[in-house]
Amino acid sequence: MVDLTLEIRKTAKELLEKGEAKVVLGWEKGNFPYSTTPVFIDKPEDTERLIWDEYCINNLALYMLDYKHLDGKVGIFVKGCDSRGINRLVQDKQLDREKVILIGLSCPGMKDEKKAKELGPNADIPMAQKCQDCRYPDPVVYDVFLGEKQNKKVPEKIDTSDVEEMETKSPDEKYRFFTTNYEKCLRCYACRNVCPACNCKECIFDQTATGWLAKANNVSNNMFFALTRAMHVGGRCIECGECERVCSVNIPIMLLNKKIIKDINFLFGDYDAGLETEERLPLGGYDYTDPEEFM
Amino acid sequence: MLVVLKAKLKDILNTLAEEYKVLVPAKIEDTSKFISYKDNVDIILDENVKLSPKDVFFPQTEKMYKMKTVKTSMELENITDEAGKKLLFGVRSCDMKSLDCFDQVFLTKGYIDEFYKNKRDSVVTIALSCSQPMQTCFCSAMGVDSQKAVGADVQAYDLGDKIGLEAISDEGSKVIELIKGQLTEEGAEVPQPGEFYLKVDADGVSEKLNGMFESPIWDDVSKKCLNCGACTYVCPTCHCFDISQEVRGENVTKYRCWDSCMFGEYTQMAGGHNPRPTKKERVRNRFMHKLNYFPDRYNMLLCTGCGRCINVCPVNLDITSVIKQIKEAE
Amino acid sequence: MKRVGVFICHCGTNIGGVVDCPKVAEIAKDYPGVVYSVDNKYMCSEPGQELIKKAIKEQNLDRVVVASCSPRMHEPTFRRCVENAGMNAYFMEMANIREHCSWVHASEKDKATEKACDLVKMAVAKAIMNKPLQKATIPVTDRALVIGGGIAGIQAALDLANAGHVVDIVEKEPSIGGKMAQIDKTFPTLDCSACILTPKMVDASSHPNINLITYSEVEKVEGFVGNFDVTIRKKARSVDMSVCTGCGVCMSKCPSKVDSEFEMLLSKRKAIYTPFPQAIPNKPVIDRDNCTYFKTGKCGICQKVCTLGAIDYTQEDEFVVTRYGAIVISTGFEQFDHSVYGEYGYGKYPDVITGMHFERLINASGPTMGKIKRPSDGKVPKNVVFIKCVGSRDVAKGKSYCSKTCCMYTAKHATLVTEKIEDSNVYIFYMDVRTGGKGYEEFYNRTREKYDAQYIRGRVSKVFKQGDKLIVRGEDTLLSQAVEIEADMVVLATAMVPQADASKLAQKIGIGYDKDHFFTEAHPKLAPVETHTQGVYLAGACQGPKDIPESVAQASAAAAKACGLLSKSEMLTEPIISVVNESICVGCGLCVPICPYKAIDLKTISERDHGKTIERLVADVNGGLCQGCGACTVACRSGALDLKHFTDQQILAEVNALCL
Amino acid sequence: MSVNEVQQNKEVEQNWEPKILVFACTWCTYAGADLTGLSRLQYPPNIRILKVPCSGRVNPQFVIKAFQKGVDGVLVAGCHPGDCHYTSGNYFTRRRFLLMRRLMEYIGMEPQRFQNRWISAAEAPKFQQVITEMTEEIRTLGPNRKLRDDQW
């Protein structure tokens, strides 16, 4: 991995010193060799905290929601997934593209923090699942680019082999699989809160009075949560895999999201969310020629 | 000390299962928690479970009572807990300490929470000492002795390939009595705890926080927080709950379920006002509660150093770093 | 706690013969919220309605559930009934226990009764959640816009103007008149098209209530029924209309010659021109694309010869915004681009022409002064072949529909050929002959019998040149014989298609269009001139192929509808519309493209947020445009959008009630 | 034993009857159901129709909610494509529910339990047939336990 830490610090420092950005978002080292944590730098001297290593896994895009009403610009370091998150927010009108300075970084694929914890300091740490599945390691949009693009060979289509395998199971097998997983769900909503596509002002799951979802934790309610969230991010999920990464009980959340992506591709034509900001969303329109199965 | 080979542990548990409903720390569905003991469960002894045993005493969703409207009147129906004693095997010192915190909240100062008390009274605990702390552990910094749990009925020690057992309470003695035939007496010593990776010094942090409600550090600390409830739900000491009801026509069930001070609607008032409108206030409240308000009221920290929140936090917001920041603040 | 009254109707034995109505009424008494429940022989009868009104007063009811026939039958009745008793009409809910229960479960009385109970339970649950709704009034601007100044537009404008409403006609060409102005004779009477059209054009131009806005196009349409704000682009004419007298000197002196669109490119016009001599307004425009002055900066002859100084090269497109109460769209049709039929040799052989060319050839004021001459050599043709359904009724290459007018105008052409050219022979290749219409079949029969037109059933496979003849090769499918005809001229009856930019106009106005881009009516039978956008009406061939009488009839119908709207100064709107909860709305705009009526916009609001005034976007539903379909509510993830009377909570209450 | 069978045996004994919720748009399917009545075409009494203005109003969440609360089947029905009273509502219905149906099947819901149909105001025989078939299909499957919130 090319060490861009010094360049990152220099770029951030310049942005702050020249007053081009009021704050710069990046990553700093956490308390463990395998951890980093998002950092928000607003003083040039603090840019020394910024780092770039193989654990800078957090998608920073959603933090832009916190700066919606900031006077001035925000600088933000973006990997492929962060940049698609930025596009997600721009398309959803939650971010003014003019108000961010995107500093692109080519992502080599980040390492799996959970595995690193388990395997110990000297082990060969595998790449995180979300990075193994990533098809856009280079940012799809940026204003400045640091280092070199790797133009890594990536699969043309999303790998949905796990979805296909699930599809072959019997209804009861499938139901058992999903319910045993969602039985664990704590409804801590980390998956939702980390998701750049979940950018509502007030989530329906928080509006307990409307009767959509009771606070009671049981597998039925948890499935309502899971299915509804999957539909809500349907056609908008940028496949960053953060939801699955942050799940405190390791629910394979992307198995639902990828199912919808697969079906959208099949039913309405290939679509990768977050590559640009103008195109019609799959669920924001229709075609007269859409498949007809309801006759 | 009475000892048993780890390999023979299941024999003991089988014996205990005849008398108690035994709960053991086990791997399940890509996570780990306390589950009902059966012969085929995957018991873990080399590390603590990912989900704390708090739900045994304080379930995530707990029915409280039922109501039924009949014409113009209303009938109330109590919900009784399942009968029978439970035995919780393998609770670590940190989680035993959290029960101590719970006891303070639910059983002291003139108020007794019946739902909690019923469950608490029905559980016998066998605590287990830690031979090697996990990387995220910092219990000693929170005043917890990883080798000697508070409030346990039986203290078990990790002796390598063996487990040593020592009755603490009368209830514990009864447990030992049941399995005495399967134990052997050996001259084992209480093992020394391993080295902690995280170095935390929490001395004086409670007092220091007294003047820090308006400190700028809360802005800094809270920025990265996503306001999810992961930390509070895995925390063995967090005990906030919300009361709600499921209405099915004339049948109403009142229940309580975990809530999290990290959630926006936690302090949302009916009129729309929210006294903790942003993550800054929420994050501040969480740490103030753990490190200042609770010690103030109960004279103990509301953190046992189990490290679970560090483990699950999506953005690595680390309580040990926060403690450090508080101590370093001007 | 709400006080619900339940009224179970026997409908004679229609319901009572199957459903145990007294039992349903008895059981309903125990439903949450129900304080009164009763059954009656005929709820809709006078005594039945009195019963409801009395109960509302005596039992102090604030919600009413009527279980009877379909709400499609009596919802208005019972709404009026509760309204008369002083209750909001929308506090009344109906349970359909006749069409959906007793009539379809006649032999399962117990289960039908059980089902009736469930339906009542659902209705009660919904009624409890119902909110009082009021119809709102919106002002109506007494001014109409007619888009397209052909015969349909002119007729609609005249009818509206005669009823006392101010009308603006927007026409993209320099003159009104449309396609009818190009046509020579009209079937089946063979009276001269110009003779009946031009007086109407004059009427329109001189009518005090009509403003002609020619050489102009609709740029943007905003607003809603009664209040459309339409931006019209007045293209630069380069001629000052207020000064020009239409003397025509400029046109005669202009050196640039261009193929005349009006004459189907069969003759030339000047770069400064009126499309045809009877044009209205009869004042020229400069075709800047072909004007030497605009191309090279040199010339300026027209300016020199105009003694009034009406020529103004500096004119620019002008945009005017006007508010209209109603819009009539009458943009008409174009000819199908039949170049896809290469086998007919259009473009390759100048003597293969279309019906519209033929109209100009036989027109006394046309390029040949009404003499039928071959475009190639000016010879008078003897053998003329007509090919019908060129583009129509051809799923493979053309359009699936029948263009409706071609059978008749081809018959008309055939008679005119025979009348004008001695010893001429007319051959008509056809698929079917369709002559529905008053006097049409008789006309067709005359064409065959008296004028001896040869009708050959079959399609033409090829037209090719041999010497100075065009060989038309086809098949007579009735005789199963190959046919070859030596023709001097071939006339193609091309399909009618909407204007090329019809779909763009539809999008601007927010109306629907079909696969062929004809505008869609609100209902094919019962609302044929309305569109789904209230206050927008259709006239003429823009809605589908039509001949002149049909276009005129539809124009008058559209005008009558528009008059109905404009005759009141304000109108009532349906209260069942979408609403935005601005405190939840995040302004993502996902709802905007969902709305078929373009009723949702994003607007900026400012509010206090943590001691700061911030501005943010939220969705905004235009109550005048919203028709209450509710599609937007599903697109809204956070549930900030909801549909009144069918709210999330109301529907959930019904679902919950069903499952008790 | 399958997920459903456990409870099934118990409920079949208690004369279980399928309970099917039908979301019907006002203009086509609801009117079609009215015509079915006017034509006296008989069908099983197992459905309950919930009227919505347009099938485009039906939120997929309603469907999950209905299963949670205990229905055995859900039918969402509206105007045929091209016939929507509101021009385009049913095209959105089609997109949403093409996905939703696949998702429901994917998590193990039997596809017969959640169906979508276009039924016009004129198609009374079709309405009768769809309801009859769906009722029988669900009767064969037995009571639905999946997604059901029955712990209260």
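For clarity, chains are labelled A, B, C and D in written order, and residue numbers in each chain start from 1.
Please note the rule applied: a contact is a pair of C-beta atoms (placed from the backbone, for glycine too) under 8 Å apart; a residue touches a chain by one contact, two chains touch by 3 or more.
Predicted, not measured: the structure shown is a model, and the values here were computed from it.
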A-B or A-C, whichever has more C-beta pairs in contact: A-B
Where subunit A and subunit B are represented by their mean Cα positions, the distance between them in whole Å: 31
Inter-centroid spacing, subunit C versus subunit A (mean Cα positions, whole Å): 46
Where subunit B and subunit D are represented by their mean Cα positions, the distance between them in whole Å: 45
Rounded Å distance between subunit B and subunit C, as computed from the means of their C-alpha atoms: 69
Overlap residues in subunit A, where contacts from two or more other chains coincide: 202, 212, 218, 283, 285, 288
Sites on subunit D at which at least two other chains make contact: 60, 65, 88, 92, 96
Contacts with 2+ other chains: residues of subunit B: 246, 248
Arrangement of touching chains [line / ring / star / complete / other]: complete
Residues of subunit D that touch subunit C when the two form their complex: 17, 19, 21, 26, 30-31, 33-38, 40-45, 48-54, 56-60, 62, 65-66, 69-71, 85-89, 92, 96, 128
Footprint of subunit D on subunit A - complex, ascending: 163, 166-167, 171-179, 212, 218, 220-221, 223-224, 227-228, 230-231, 234, 256, 259-260, 263-264, 267-268, 282-283, 285-288, 290-295
Contact footprint of subunit C on subunit A as seen in their complex: 68-69, 92-94, 199-204, 207, 210-212, 232, 280-281, 283-285, 288
Subunit C residues touching subunit D - in the complex, by the definition given at the top: 70-72, 96, 98-101, 103-108, 111-112, 114-115, 118-119, 122, 512, 520, 532, 576, 594, 596-597, 627-631, 633-635, 643, 646, 648, 651-652, 654-656, 658-659
Subunit B to subunit A touching residues, read off their complex: 29-31, 50-51, 60-61, 135, 197-198, 220, 223-224, 226-230, 232-234, 242, 244, 246, 255, 257-260, 263-265, 310-312, 314-318, 320-321
